[in-house]
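Before I ask anything, let me first share the structure, which is written out below as structure tokens.
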Amino acid sequence: MRLGRREFITLAGGVAGGAALGRVSLRGISRLNEALEPPSALYPGEEQWLRSICSLCSGGCGLKVRTVGGRVIKVDGNPIYPVNRDGICPRGQTLTQLIYHPDRILAPAHRSAIDQPWETSSWDQTLESLASTLRRLRGADQQNRVLMVSGRSRGLTSKLCSHFLSSYGSNHFFELPSGMETSQRALEFMAGIPNDGKAYRMAYDLENSRYILNFGCDLLEGWGTPAHTMRLFGQWRDIKRGRRTTLIHFGPRLSVTAARSDEWVPVEVGTLGAMALGIAFVLISEDLYNRSFVESFSFGFEDWTDRSGQAHMGFRRWVREEYRLSRVSEITGISSETIVRIAREFAAQPGSIAIGPQQSPVQPGRLSDAMAIQALNALVGSIGTRGGVSLIPEFGWPLPVADGNETMRTASLDGLVAVLDQSPEVLILDQAAWFIDSLDDAHLDMLNRIPLIVSTSPVEDATSKLATLLLPDCTSLESWTDGQSPSAYPYDLIALTPPVIPPRGDSRPWGETLLALARMTDPALESVYPWKDMESLYRASANELSRRENGYLFGTQVDEQWQRMLERSGWWNPDWTSEDEFWDGLVNKGGWWDPATWVSEPQHSFQTVSGKFEFFSQRLEALLREKGGIQPGLQPSVEWDRQILPHHADILPDNAPEGFEWTLDPYEPLVFFGGASRQIPFLQQITSPYSGPRGWRSWIEMSAEDAHRMGIEEDETVWVESARSRIQRRVRILEGGKPGIVGAPLGGAPTTGRWARVESTLAEILVPISDPYLGVRSHATTRVKIYKA
Amino acid sequence: MADTVQQESQEENAGHRNRLLAGKAFVAAFLLALIWPFTPSIEQPIQYNHQKHIAAGLECSNCHTLYENSAWAGLPTADACAACHAEPVTDSSEEAKLVQMLSEGKPLEWKQVNRVPNHVYFSHKTHAVAGEIECATCHGKMDERTAPPPAPFFEWSMDNCINCHEDRNASVDCNACHR
Amino acid sequence: MARWGMVIDLDKCTACQSCVVACQVENNVPSMTPEESLKGRNISWIKVVPFPEGSFPEAKIRFLPLPCMHCDDPPCVTVCPVDATNINEEGIVRQIFARCIGCRYCTTACPYTVRYFNWYEPIWPQPMEQAHNPDVSVRPKGVVEKCTFCHHRLQKARANAIAEDRAVVAPGEYTPACVESCGPKAMYFGDLDDPNSEVSDLSRSPRAFRLLEELGTRPKVIYLAEGERSGTTG
Amino acid sequence: MKTNMQRRFLFLLGKLLLVAAVLPLYLSGQTTDTRAGLIVFREKGCASCHAVLGEGGVLGPDLTRTASTGNPLELAAAMWGHAPQMWQRMKLEHLELPTFTTEEMENMFAFLAMIRSFDEPGNAVVGQQVFQAKQCATCHSIGGQGGDLGPNLTTVASLRNPVAWVAGMWNHGPGMVRALRERGISFPEFQGTEMVDLQSYIRLQAGAAADEKTYLRPPSTERGESLFRSKQCINCHGIDSGGGTSGPDMSRVVLPRRFGEIATVMWNHEPQMNRLAAAASISYPQLEAQELADILSFLNSLSMRWTGSASAGAKLFESKGCVNCHATTPGQQSPAPNLGKIEQSLTPITVSTIMWNHGPRMLEQMENTSMTWPVLTSRELADMIVYLESLKGRGQRPVRSPSSGGTP
């Protein structure tokens, strides 16, 4: 019998089919499935629940990790971690996808140029190539040509980074802005901090706030610590807690926060300060402000005369004359009735707080606005009180070194660009994808001229794309990981967890890489950091902490209340009696905290020139004088006072030629906050809750009204053009959005790796804005025109 | 024209033959498959002697460490074996093989013998601890086995599961087992 | 016998979609390729659906986390020709993948569109499948899948209860992944038939409503409408 | 029936009048767990209406800010008196009425007694006035201003506990008295929370120096009792008529309930005490802060005791109308439970437990018969308990419980 190809296939099919059918014992259809399906895997192994800490943003939430047979299966919130207690944000959930990411960088590698292929090499070889460059620069006294940009702003590794740079001799350490910088600077100018060399940070007691005026913070899109803010949001609306906390959102964009607030007040772009002053006007005119606070503990409210006899305008007269309701209404586009109503509600009960503005690489967060907002807190007496705002000492992880300081941390893009101008030789990008996102092509060209760029990213991302040397870090689940009170969090907190699984491949915790680098670079550096690994460094640091006689190891909420009661009255029941006990407790419970950090008595002592809260900041005045803001010999005047008192200034430079009728309002969506996470498929699928599961590319949000007028359909591609350049984006139509405002997310498709996609960055078209006081520049709100592609 | 017709008819015939052929093959294979002894023999890296070990006083849970508190029974790791066999304790050739593997640091790659069908959730804990079912019910008398079982003792079919569940008054809800 | 149900407080929901990711990770839901994803073909047993209401400036957007409703009278079960989907005595509507023939009658019958068909073989780029949850099946191409209320967690909780000689699963012992991950604690889960459970208490709230109740499906996912803003002046 | 009762009454009265009226019936003897008490307080839902130290619900009063001491009798009386109102309010709020076991009630009472002895943070504004009025700045400097005769107050700003603060003052007492005399300044006495307020002011003035915090460990009543002896306090101050008589008997003194306030009282007597001690050639006792805290805890525990009179209780039983529903003779039938049959030993805690668990039913029945809920003062409740307890013909119970409230 001749068997042709066709016959063979027919025959084979018959045999297979018959055999398969025969195998089906006619008892159950499941056998058919079995026959068709690949067999299930071998037994999976032992199941364990371990603790860890999330490293995907600086919030550092506590994690509960399920492993089976040494593989990470699921990540959830640690119920006894005080910051997030059980809950977790979507980013933390995707640690599994990051750990087992197909584009993980599993070994150190180098290449001669960015268009050349990577060559993997041993850690010793790779580190030596970096160490020899560092040695050479140090020999030539050019340490300042080394700079580091880091995305970890808190914790011991972050401290080690800046301290290492300082010991090495470089001044250039840049970190991710926390978003609170401007608000904190404003509070420092007005309320003052002790000049004792210690670090202070601004904290909000939002858990106890009853009425929140939110000036532009994207509370539900990554502000602060996402899981913490979400927990707070749930508490504000928890009927069991009694009275609901009211959240009022001011901002032009219909953000998730705006949509989920009790009231969205769609003020015009850049008018947050004016809005705050309008509310202040009502509080003052209707005599609703906190008299006892303002009279006893504030300075500059009434008109005053300085030592030279010069009369100054008081805040009261300033606001009453300059920020009449009609004017504020005109600036902000909000009706007087709304302003009056909100002001009355704000003053009606204790626990009112005004927060904002947010500062980020795309949000300007101007000082004058921030001061107007802090002035509102002073008017209702919410400085250092329950539910209010305060400046509290920052303890954090001690770095137990004999000498040396940390290099000054900077979060200013301006400062960074200035350094890039000075032909740096080594740039270390540590978790710094956020930084690349905020650069435009011209900046990227500057980066391309740097001879040695090092990336520590554990997975291919925007930094590894620029780098010629890879020193792959591992994820927080693969190493000892620490946590620290996140920004704005009102309590002292230190957390530490051991590795959940060993590092994948040949990746290494960045802290340990730094310690090794110190050893290889210089014996002098080695003597500063005598630890062989991070565990021994943590141990030394924890020993120092154990001697601070306060605080408790993590516990339940009952423990929390109990401890707070004891401590408020001056009692402390220690959880440990020795360094060893402290260490064991720290590692087993996952951390230490002081639930009574928050001031238990109103903070009415201010470290300002006047010793009071200053509506007219004399410290800011001195700073301006120093900067030459006022000519020598010129007498202070009312015109001068205008610059010091909280005020409104037009934000948008007059860069809008004909036809640029839209205002582009950039923001960072939750999934890309801080710039990372672009490579994670699960996050790409949920980029925006507005339009369901989609993703993998950038978009702009346009109000339905505008889209309709322009005849633009959902998902249509358009050009977005500014005075600088133009880029293409898809349109997402936002029902109910403010006409004339175009929301634009920072971040988008991955720029490298298997899912890379070429997209022009948003930074291309953004026109930078600088704050006149702080000099902080950000890419921000820009006038654009939009037309179909 | 006629040629073409002829050709077509030939092709038709060929097609008919092919179908017939396939049909015959199908029937033959079907019958063969029905009577073919279905015993895929499983070969383990070490010819482990359960009888000896149990006689020496080992409990099931010494090696199958997980069965009392998880869905899975667990298989012994090289470390577990090394606890006793770091040095040879008998003159068995299988032990010599084991000691050799241990000294080379090779992992013990046991092959799984019992396997529930896909989409079925089976928990050792539920059956052995909560249901108090003897191991031997599903695995046979391991204390009589001198070599690893080459095939499952219990046939993991839905009928067998259901029968047992009905006998013992256990749930026969689909959701109780299917995942 | 418990009757499991879920309450979702829309007032507390922040639309963060943590529940969406938690579900995907827990239940071995594959992530689609960017191309498929852009076509909106993601499988997502729970999704957050936006409901814009009103126009500027009185605009509101309500976000509705949408899992399977686990109806007491599920339309999907009636239409299944092979009994591959059914509702058990505890009210959980499950898909038996081994039986499903992929006819998709159920996806059509479901008024909530929360059933998903596997058009493709699930793909995890190496080595992402390392993170698979061994308690949950990997569904083959050609079957319909849906939210199970993380039924495998109930199976484990029950095994624990029996092993510890307890007749019933204790409150809080069985929680689906989405509920567990919820940051603002907007999701509640428990026995609707237990008059003392939090869910049954909340289900009697004046804010409680069910989706498409008029269809007679009797959903066991109950939503709480947004609360009133408290304290205007004074 | 009435004559029968009267006869029994008279018999009892006669018997009871002979019995010493001191029948403290506090705790059943087992140790209480204050932390467990907090859990009870939270889990039974008390915390959703009542705040403690300003934290918690707002429907009911803050239990640390109401009058009275942490004495269980007073708590029980307050609870008894307000129960109908409380139940009504809870019903209105759709709150479930929780039930308590005796142990839970006991732990909760211990917890409440403990937190009621805690000082609350002071008021710096008042503190400033005190600072000026007492002329502290003449000798002490704070924030770089003031005299330098006494210690710089910045150095004590880290002390978070008023007791530690008073201990420091106490130890320098004699020197300070001398210095004051030389300058013709009167000895500063403090009222109420002034000391705590002053401390609060000092902390504010000290600025960053107050960020360092030093605490005391929770005090021990047992240690306090032995210190009371070893530090020779007992040589002047008797306890239950044992010990010296030159100072007041500490078991009869009514002390304020908060530690800081007790310490203040102690400070106010410093000159007098110092004089008398010197006369009796007792060396001035130096006290570590922790030692002082322990002693104060011991003194505080003395106020947890209570007494009652059975005869007065018997009269109240009639005058409050209890007798109308409750029989007391064994075997006798009555509309409400026979109170002579109660097996449990009656204490403020068991009475509160019984009242809480059965009260709503009692209230309902009383409303049906148009009777009013009897309100009892703590004194009356004590008498009533002693009376009801005496019905069982039981003898005296130990005078003081081994574990007292008032200690954390």
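Some notes on this structure:
Note that the chains are named A, B, C and D in the order they appear, and that numbering of residues resets to 1 at the start of each chain.
The criterion applied here is as follows: contacts are C-beta pairs under 8 Å (C-beta built on N, C-alpha and C of every residue); 3 or more make two chains touch, one makes a residue touch a chain.
Being a predicted model, the structure only gives us computed values, none of them experimental.
For chain B, the chain whose average C-alpha position is most distant is D.
Here A-B and B-C are compared, and the pair linked by more C-beta contacts is A-B.
The centroid of the Cα atoms in chain C and the matching centroid in chain D are 53 Å apart. Chain C has its Cα centroid 35 Å from the Cα centroid of chain B.
The centroid of the Cα atoms in chain A and the matching centroid in chain C are 31 Å apart.
Looking at chain D, one finds that none of its residues touch two or more other chains.
Of all residues in chain C, those touching 2 or more other chains are 97-98, 134, listed in ascending order.
Among all residues of chain B, those that touch two or more other chains are 72, 117-120.
Chain contact summary for the complex, chain C toward chain B: residues 86, 88-89, 92, 94, 96-98, 134-137, 151-152, 155-156, 158-160, 162-163.
Residues of chain A that touch chain C in their complex: 29-30, 33, 36-37, 41, 44, 68, 71-77, 84, 86-90, 93-94, 96-97, 99-102, 210-211, 220, 226-227, 230-231, 233-235, 237-239, 243-244, 246, 254, 256, 259-260, 262-264, 266, 341, 344-345, 348-349, 670, 681-686, 689-697, 703-705, 734-739, 749, 754-755, 757.
Taken in their complex, chain C has these residues touching chain A: 9, 11-18, 20-22, 24-26, 31-34, 37-38, 40, 42, 44, 47-50, 52-61, 63, 97-99, 125-134, 140, 177, 180-186, 227, 229-234.
Put simply, chain A touches chain B in their complex at residues 1, 6-7, 10-11, 13-23, 25, 27-28, 30-31, 33-34, 37, 39-40, 42-47. Listed in rising order, the residues of chain B touching chain A in the complex are 18-19, 21-34, 36, 38, 65-66, 70, 72-75, 112, 115-120, 157-159.
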